[in-house]
Amino acid sequence: MGAYAAASFVAWFAAAGFAPWMSIIALFMASVAVAALLAPLVERGLLRVFYGRDEVLLVLVTYALFLILEDATKLIWGANPYFVSAPYALFGNVQVGEQAYVGYDFALVVVAAVCGIGVWWGLNRTRIGKVVLAVIHSAEVASSMGVNVSRVYTFAFMFGIFLAALGGALTAPMISVQPGVSVSVVIVSFAVVIIGGLGSIEGAAIGALIVGLARALAVHTWPPAELFSIYLAMAIVLVFRPEGLFLRVKARRI
Amino acid sequence: MKRIEALLIGGLFAAGSACAQETFKLGVVSFLSGSAAESFGVPAVNGAKAVIEAFNKGQAPAPYNKVGFGGVRIEPVYVDENGGATKQVQELRNLYDRDKVDAVVGYVGSGDCLAVAPVAEEMKKFLILYDCGTPRIFEDGKYSYVFRTASHAVMDNVALARYLKARSIKAGSINYINQDYAWGHDSRNDFKAAAAQLFPGSKAQTDLLPKFGAGQYGTEISALLAQPADLTHTSLWGGDLQAFVLQAGPRDLFKRTQVVISAGDHVLPGLGDKMPDGVILGARGAYGLMSPKSALNDWWWKLYEDANKVYPVQAPYRMVQSLLGLKLAVEKAMVANGGKKPSPEQLAAALKGSEWESPAGRIRMNLADGHQATQDTAIGRTKYDAAKKMVTLVDIQRFPADCVNPPPGVKGEDWIKGGFAGAKCP
Amino acid sequence: MKRTVWFGVSLVVIFLIAGLLLPKWLLFLCTMAAANGVVSLGIVLLMRGGVVSFGQGLVFAAGGYAAALLSNKLGVTDALLLTAAGGAAAVLMTAPFAVLLARYRGIFFAMLTLALSMVLYGVLVKMDALGGSDGFTMSRPTLLGMKIADAWSGYVLYSIAVVATGLLSIGARIYFDSSRGLVSLAIRENELRVEYLGASVTRVMAANFLLAAFLGGAGGALAIMALGHIEPNFSYWTTSGEFVFVAILAGHTGVLGAFAASFVLELVRSFSSSYFPNTWQMALGIFLLIVIRFFPRGLGSLIKK
Amino acid sequence: MSPVLSAKSLSKHFDGVVAAEAVTIAVAAGERVGLIGSNGAGKTTFVNLITGYLKPDAGAIELDGRDVTALGPREIERLGVARSFQIPQLCAEMNVLDNILVAAACGGEALSFWQPAHTAQTRERALALLERFALGAHAERRVAELPGGIRKLLDIAMSLTRRPRLLLLDEPTSGVSVEEKFPMMETVMAAIAGETHSEGTAVLFVEHDMEIVTRYASRVVAFYSGRVLADGAPATVLADADVRRHVTGGQI
């Protein structure tokens, strides 16, 4: 959804005659638009009913949402491909040894790092962050202390959607945006979160690195394994750390 | 024609469809969603819609000018091929049993083709595979109700190798990047075997197999640039090929190696100036910019372009050639049985071993005992025409069917390894 | 227990008779519903122990490929034998993980099973000997040595599926009512106490996993015999996702719920693709949401209430 | 006859906190031992060590003369040690009768794949046990709907299904109203008497309420910061100066 929105926003910006570098702003605005539109609709309308229920139900609900959004994007944007090439050429090329790289890839790494640190800082170092963490730990206690839990849920979900849409928007310039791009992301995001351990930002960062490196390693050393390198990495981590790498210690129950 | 459904608690039973007046119900199955929709599915279905409408109005040029099929109006039923072979087998049974279609034309994915062919055979219903390329359909099995009106994928890579040989392009070392599924493996093996025949001593270097629908090729491009070869062969197509070109272009991969694409014409309209010049590519037949000059082709080109505002590429071409073949077969069968709608057996007998003209040249059903078509093909080089703001194909070389297709009864791979025995080339 | 057996057998007989009246496409749809239903029954069995497998495609594919290879390569073509062989193959393939998986709970159990099924998917796509990503076709099975005539193939495959899933369902019902079944339910609610009461939670969960694997493998064999073609997609996460959906829809109380839910899903899938060719995924998605929203306890609870 | 339970200089430390230090206690069949001590004195730790939930840093545990220090909760339970929980650990969605049937099944030999859990025989034996705990009327009720006291009783009843040789009750009367305390203990002690082995089950119960301890314990062990402060007849231990200062705080 983020990628498609980015395609439209960059096109509108270009049509309105903005300078090419403005297309980066278009990407961010596209993500905000998706978050603002989609998040309240989905969270209030649907997910609210399932809070506190078995988490497997939530996985199924999001799977159903995935099916619906897949066709929704097709109805809105049609089946033909979109190219969002303006931002891609903005950062020129970089010669590293005899390999030529596109500046955009490095910019992407920087943006990812900034987002990661930003979210970490937001959660652990600001008042709102503390409130969100409190709600995650136990909603009842937080609400008894006067926290409007439902608004925190909506805000947290919207921010999550914004980051996901931003991911789509930033990838859009590198690929041809068309039906079917979304399938591969689902499993990779599962793998990253599970390897990293639920609810831990450092975990997600490390998880993403592991998944990325596993894939790259497979491509360079043993190409046939590329297909299931991610799942192998996920299985191996789960075998040794059943709760993922960074999960918080659980209190003893008796 | 109204369709009645009663939703019972126990299950949903569809009453038979009452048809007001005699129509030829035609099932059309192709990708309407998923990653193959944009490149193969939707363009082919748009082509089918345009042609069927023209048939029903009797506006097609002779010898296809009768209304519908032999006077009988065509009623198409469109089904989405996305969802895996299991779903396609169920959908095919529903088409034949529930929707009572007289014939089905469809299937792009080779997995789907392999799955549905035996089902049509078991149900003794008429099926035309219009697009999938795996040679295994008729090499591993024998069918009397199943036909394929497009040549299989062996010819694309053979023609590619012959084009390089004819232009004596250096092929001392070759890198490969193909999608990690049957189509990718077969194309890589065919080209490797052909290269071994035509360029003895050429060395295969990096051999990459990214996941189907990967979309992110940063790592692969770095691997290709780490050991640049004279030639880089790929059978990537659709969104994956577009992403690969978008990511490899700025990194000068196309300048440091001669990239060769076995089925790449369908991405040209979309990529436009982002497609580098000098890339050698095929289109699995003489399609689009490489199609031969003919009245039929001009009519088809205008019909498709008016309806869809983009010129037709390989997918709609393969759909139209299958519908033209079907039309002639139906009309031939109706002549034989006194004007009645032909049974699957009569249709099969009429199509078997037949030949007909199509916008992409002559289609001859001369392989696999008259069930597998062969056709001419062509290879060209990309050149961006700034004036017309579109990518054109130059230095086009045509290859007659007999030069690039194995003779009847010989498996594709054995034919290549056997040094193209019996190939008749100009 | 006698009552369960009699009830089950009479139900099978009723379905066999009903099969004679159904149109061919509905017959095939019921056969697939039965084959997929028994895989979901395996997940229901696991859900009674408090875990949900998101990788049941692993055993579904294992059973299917085993049956297909036995039939094509070794000439074993008897349908009932292949069904049992499919189940056994699935058990053999998952045996090494059973004890390991028995220690996982909640989303981590789901994810590990998902990861394992996707590893199998990757391996199957890779193995050209097994037809790679296109898979391969399987000749029609025989029944007790007799070849099945074309005209009757639909009905015979339907009855094989009904008889096989009938027997497996009776077995499942007996297992649910057994003391081990009751202890599984107890583990679902308080595994600490069960361990304290002297039962090995890990061994019970491992046994549950292997039983579910057998059901899944048998389902895979039945499906491939009806379809005639097998491909790595059997083990893809979307296939496993549908099995879980059917299990959730069925609820963990009844055995019949799994087959009713599977039948409903097959119906919706088949009609949504012919009525909404462009948006069948959305139709399926909306249907899933409605069911999860209004039948949280699943169809089984409806019947039980 | 060798003691049912003998703990030899058990010690357990949690990063600095001394949970148990050189604890040596022997319990014979038929004894009723009350474990008293302020919160964090090491009572529950001692129970968790005996049942194998925690492994001691040093020392050994013997049941009927057999060293069980290394065994887990399940193996120890099979040797005839059962425990109830301070917070009742029950299966809330199931009814009372099913909870007892689960306890009976878990303790049995091998769990059968096809023997039905509900047979005339198993139901009758379970109902008998419930009657002894005055829970017969609640047999079909869902545990989630039961009041605290009833849940406590059920928790203890479940630990008695296997006729254990050693029964550990973790604060049986905590969370139970003052009027119900004594009737409950009467029921529990009567039930234990009815269910016991030939020589009688040894019972260890952790308790804060000194009236309960004095009435039902034949012997009292007082804990303070992981050590055994005093071990003897209830009257002498409660009169001991250290015990009054650290444990009872001059309550009596």
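So that you can tell them apart, the chains are marked A, B, C and D in the order they are listed, and the count of residues begins at 1 in each.
Simple rule for what comes next: contacts are C-beta pairs under 8 Å (C-beta built on N, C-alpha and C of every residue); 3 or more make two chains touch, one makes a residue touch a chain.
Just so it is clear, the model here is predicted, and its values are computed rather than measured.
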Given chain A and chain B, the chains that contact each of them: C
Chains in simultaneous contact with chain A and chain D: C
Most distant chain from chain B by Cα centroid: D
Result of counting contacting C-beta pairs for C-D and B-C, higher pair: B-C
Chain nearest the global centroid, as defined over all protein CA atoms shown: C
Interchain centroid distance [CA atoms averaged], chain B/chain C, Å: 36
Centroid distance [mean C-alpha coordinates] between chain D and chain C, Å: 44
Euclidean distance of C-alpha centroids - chain B vs chain D, Å: 76
Distance from chain C to chain A - Cα centre to Cα centre, in angstrom: 33
Overlap residues in chain C, where contacts from two or more other chains coincide: 125-126, 192, 278, 280-281
Junction residues of chain D - those touching two or more other chains: 85, 89
Residues within chain B bordering two or more other chains: 32-33, 180
Contact set on chain A toward chain B in their complex: 70-71, 74, 79-81, 83, 85, 88-89, 93, 98-102, 105, 171, 173-176, 178-181, 183-184, 215-216, 219-220, 223-224, 226-227
List of chain C residues in touch with chain A within their complex: 52, 54, 100, 103-104, 106-108, 110-112, 114-116, 118-119, 121-123, 125-126, 192, 237, 241, 244-245, 248, 278-282, 284-286, 288-289, 292-293, 296
Touching residues on chain B, where the partner in the complex is chain A: 32-38, 41-42, 180, 207-211, 213-216, 218-220, 222-223, 225-226, 238-239, 242-243, 246-247, 250-252, 270-271, 274
Complex interface listing, chain C residues touching chain B: 23-26, 28-29, 32, 125-126, 128, 131-137, 140, 150, 153, 223, 227-229, 231, 233-234, 236, 238-239, 263, 266-267, 269-271, 273-274, 277-278, 280-281
Of chain A, residues touching chain C in the complex: 46, 49-50, 53, 55-57, 59-61, 63-68, 70-72, 74-75, 186-187, 190-191, 194, 198, 224-225, 227-228, 231-232, 234-235, 238-239, 242-244, 253-254
